[in-house]
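What follows is a single structure, written as C-alpha cells, with notes after it.
Letters are used for the chains, namely A, B and C, taken in the order the chains are written, and counting of residues starts over at 1 for each.
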Amino acid sequence: MLLIQQLLNGVMLGSVYVTVAVAFTLTIGVLNFLNFTIPTLFMLSGMGAWALAKWGLPFGLTGPFPWPLALGGAVVMTIAASLVVERFTFRYMKAKYGDATEHAIPLVSSLGFLLIIENLIRIGYGTDPQRMDAISWDTTINLDGLLLRAPQLISLAVALAIVAGLTWVLKHSRIGRGLRAIAENPDAANILGVDSKRLVPVIFMLTGLLCGLAGILFAINYGEVSPGMGEEIGSKAIAGMVIGGLGSIWGAVLGGLIIGIAEMLTVHFFGADTVQVVVWGLLLAALFVRPQGLLGHHSIGKGKL
Amino acid sequence: MSGYWTGILTILAINVIMAYAIFLPVATGQLNLGGAGFQALGAYTAAYFSANYGLTVWLTLPLSILVGGAVGIAIALPLLRTKGVYLVLATFALAEVIGGAILNTEALGGAMGLSVPDYVDYPVPMGAAVLVTLFCFYLMATRFGLAMRAAHDDEVVTDLLGVSVRGVRVAAFAIGAALAGLAGALYAHSYSFVESQSFNATLSIYVLLYVLLGGTQTALGPLFGAVFFTLLPEVLRSILPEFKSWIVLAFGAGGNVSPPDESWRFVILGLLTVLMMIFRPEGLITRTLVDRLCSPFTPRRRVLREVAV
Amino acid sequence: MSGSSDVLLSLSGVWKKFGGLTVTSDVSFDVPRGARMALIGPNGAGKTTIFNLISGFYEPTAGKIELEGRSILDYPSRKRIGLGIARSFQNIRLMPHLSVVENVMLGQQVHANSVLDMLKPLSLFGRSRWRAEAEALLEEMGLDTYPGEVVATLPYGVRKKIEVVRALAARPKLLLLDEPAAGLNGAETQSLTEFLKGISRSGVTLLVVEHDMGLVRELCDTAVVLNFGKKIYEGSTAHVQEDPLVLEAYLGPNHAKAAKSGASHVA
C-alpha cells in the first residue's frame, strides 16, 4: 500500500516535470536548440509570483498585488522574459561558416541568460527560500487509504490539459503545421513559404507560458519558492525529456512521469540523498543505450547543435 | 607577497588550467559542459589518497591526471558517437552524477567534505599553469592541433582528408579531462579542503563561458578568458557595494537581503556572453587578430566579401 | 578509348537509392589512367552523387567501384584518400579559420598519420619538412603570395585553386573536381583551365563535374553524360553536343531537333 502511495506521489511529482520537459522538448524539436533558460524561467515565475504578492512591481511602482493577480502577472512576466531571450538568442544571430561550435551560439547565449536572470533574482531578493503560505492549500482526498493532495491533482490535470492542447494545436492549426515543417527541415520550410522568422517567437511564447504555469503550480503545491528551485526541476525535466526522446511531446510526458516515479521510489528505498545520482544516472544510461529515447526519432542533434 | 595576492594567483592558476581543459574539446567542436565533474574527480582523488594513504602532492597530482584522463576516455569513446545537444547533455549529466556519487560516499566524507593534509603554496599551481599553457601552445602547433581545428571547422571534409575525426576528438576530450583532474588536485592541495558542493553546475557553465568568450581559435583565447574573468571581480570589488545598494533599492526589497558578491560576477559574465554571441561569437581573441598583432607592419589585405554562389 | 588496358577507376552497375528515390541507376564507366574526363549532365542528374560514392561519403545500393582493379567499397571514406583518390567540392570547403599553408598541410595528412608525425610541431621551431613541402607545392602552383593568410579573407577564385592544391598535397592518382569553375569569371576560368592542364601533365588523372562547356571542351578529351541518374552518353567531348539523347536531356524533346543544328552551348 505504501508502495502504491509512493507511485501515486511519483506521478503527481512528475506532472510538474512534465510541463517543463515539454518546454525543453518543443524548443529542441523545432529549433534544435537546448534552451538553458527554461529552468530559470520556471524559477522566475515562482519568485515573481512571490515578489509581486509581497512587494509589488520593482522600483516601488505599485504596492503588493492580491494573489490571483500576482500569479497571473508572474506568468505574463515569464512570457515576456522568454521573448527577450528569443530576441537575443535567435533574432540577431547569423551563422558565417556553419562550423561545429557556431551551431552552439543560441545555447551559449541561453547559458548567459541563465546566469543573468538567476543572479539578478539572487541580488534582488536574496538566496533564501520564501514561504507562500497564503496560496498553498492542503486539501487531501482519502481514497481507500490512498492520500491524494488536491493541488497535486490540479497540477496533473493542468499539465495533461496543456500537453493535449499543444498536440492539438501542432496538428491542426496553421501555426502548428508551420512549426512542424520547420522541425522537419528548416530550409525546405522556408522555400515552401513558412516564415520561420515569425514562428520562432511563437515557440518562445509557448516556452514562457509552460514555464510560467509550471512555476506557479509548483508554488501552489509546495508553498515555497527559492532562487534555486529551477536547477532541480530543470535537471529532472531534462532527464525526462531525454528518456522520452528529444523532440517528442508525448515522450516528454512519459519521461517526466518516469522521473517522478523513479524519484519517489529512490526516496522510498534509498533515501533522498541519492535522487540526484539516480536521475542523472538514468539520463546518462539513456544516452549510452538509447540516445533517441523511448518515443523520439533519431534525427535530432545530428550535425547541428 | 600578501595573502590576498597569493590567493588570487592560486585561483588564477587553477582557472587557467580549467580553461585549457575545456578548450581542448571545444577546439575540436565538442562542448564539454561537465568541467566541474572532472575537476571534482581530480580533487577527490588527491584528497582521498593524501588523507588516507599519506601520498605527497607529487604523487597525487599525476594520479589525479590519470584518473581524469581515464574517465575522460571511458566517457568519450561511447559518447562521441553522438554529437551536439546529446554531448552537452551527457557531459552535464556526468558532472551531476559524479557530484551526487561523491555526496553519497562515506569514504569521501559525503556532504561534510574532506580535509587534505599536504598543503601547497601558490608557486606550485602557478608553475603547473605555466606548464599547461606551454603544453597547449605546443599541442596546437602540431599536426594533431591542426587536425583538431580542422575537425572543428568541417568534420566531413576532415574525415575525407584522412583524419580520424573521432580519434582526434576522443584524444582531445581525454587530455582535457586529465587537465581538469590536475586542476582539481591543485585545488584540493591549495585549499586543504574539498566539498562536492564547490564543483557544481555553475562552475562548469562559468568555465565553458570564459573559454568561449576568450576565443577558441587559438591557444591564446582561453588564457585571456581565464585571466580576464578571474581578475575582473577583483577590479570591480571596490565599486560593487554601490551597485548593490542601488539594485536593492530598485527592487524595493529594503535592507533585509544580503546579496553575495559572487552574483555580480555571474551577471556580468552573463551579459558579456549574450553581447559577445551577437557581435563576436568567435570570441575575443581570433586567429586573424593574432596574425595582425604578430605582424603589425605588413600591409593588411582588405577582407573580401564572399560572393554568394 | 586510348589505353583501355590501363584503367584507373572503374564503375560497373552502380545504383544508389535513398528510400524510394533512385539517384543513380546502373551507371558504368571506366576512367583510363592519365585521362581528363568530364562528368556532365543537367542539375540533379546524379553527378555529385557519383563523386560521393567514389569518395566514400555514400555507399552504393548495388554495383562495383574499383581502383586499379581492386574494389574500394570496403574502405571507409577516411581511407579512400590513402588509396589515391582526392577531391574538391562544389561549394569550397576549405577550413575557413586555417591559413592557406595549413589547409594544404591538412591535405598531406594521409602521408603523416603516425603518432610521431601527429605530435611533431609543424612550425614552432622553424619550418618543418611538411610545411616546407606545402609551401613548395603552393609556389609550384603559383599560389605562394599568401601562405600565412587565413583562408576566409581570400578571393573566391584563389580559394577554388587552394582547394585543388590541398587535394594535390595528398599526391593522388585520381583527382575528382566538383564544378571547379562555378562562380568564376571568364579570366579566372581561363587561368583555372591552364592550372588544371598543368596538374594533368604531371600525371594525375582528372574526373571533372562541370557545367561550363567551354572549360569541358578545352580541358577534357572524353565525357560521360548522366541524365536522371542514367548514363546517356560516353565518348569524346568534341561530339557530345551533337548527340540526340544529350540534346534531349538538356533542352527537352521538343527543342532538341530544332536546336541540333544551331546549338553550340549546352548547359
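The criterion applied here is as follows: contacts are C-beta pairs under 8 Å (C-beta built on N, C-alpha and C of every residue); 3 or more make two chains touch, one makes a residue touch a chain.
Values in this document were obtained by computation on a predicted structure and should not be read as measured data.
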item	value
Chain nearest the overall C-alpha centroid of the shown protein atoms	B
Which of B-C and A-B has more C-beta contact pairs	A-B
Whole-Å gap separating chain A and chain C, where each centre is the average of the chain's CA atoms	49
Centre distance in Å when chain A and chain B are each reduced to the mean of their C-alpha atoms	28
Between chain B and chain C, centroid-to-centroid distance (C-alpha), Å	42
Multi-chain contact sites of chain C, meaning residues that touch two or more partners	96-97
Residues of chain A touching at least two other chains	97, 99
Residues within chain B bordering two or more other chains	152-154
Residues on chain A engaged by chain B in the complex (per definition of touch)	28, 32, 34, 51, 55-56, 58-60, 88-89, 92-93, 97, 99-109, 111-116, 118-120, 122-127, 231, 235, 238-239, 242, 246, 273-274, 276-277, 279-281, 283-284, 287-288, 291, 300-305
Residues on chain B engaged by chain A in the complex (per definition of touch)	26, 28-31, 78-79, 82-86, 88-90, 92-94, 96-97, 99-101, 103-104, 111, 151-155, 201-202, 205, 208-209, 212, 216, 244, 247-248, 250-253, 256-260, 263-264, 266-267, 269-274, 277-278, 281
Parts of chain B lying in touch with chain C, wherever the complex brings them together	138, 141-144, 146-147, 149-150, 152-154, 156-165, 217, 286-288, 291, 301, 303-304, 306-307, 309
Complex contact set, residues of chain C against chain B	55-57, 77-82, 87, 89, 91, 93, 95-99, 102, 105-107, 109-110, 112-113, 117-124, 130, 146, 148-150, 153-156, 166, 170, 182-183
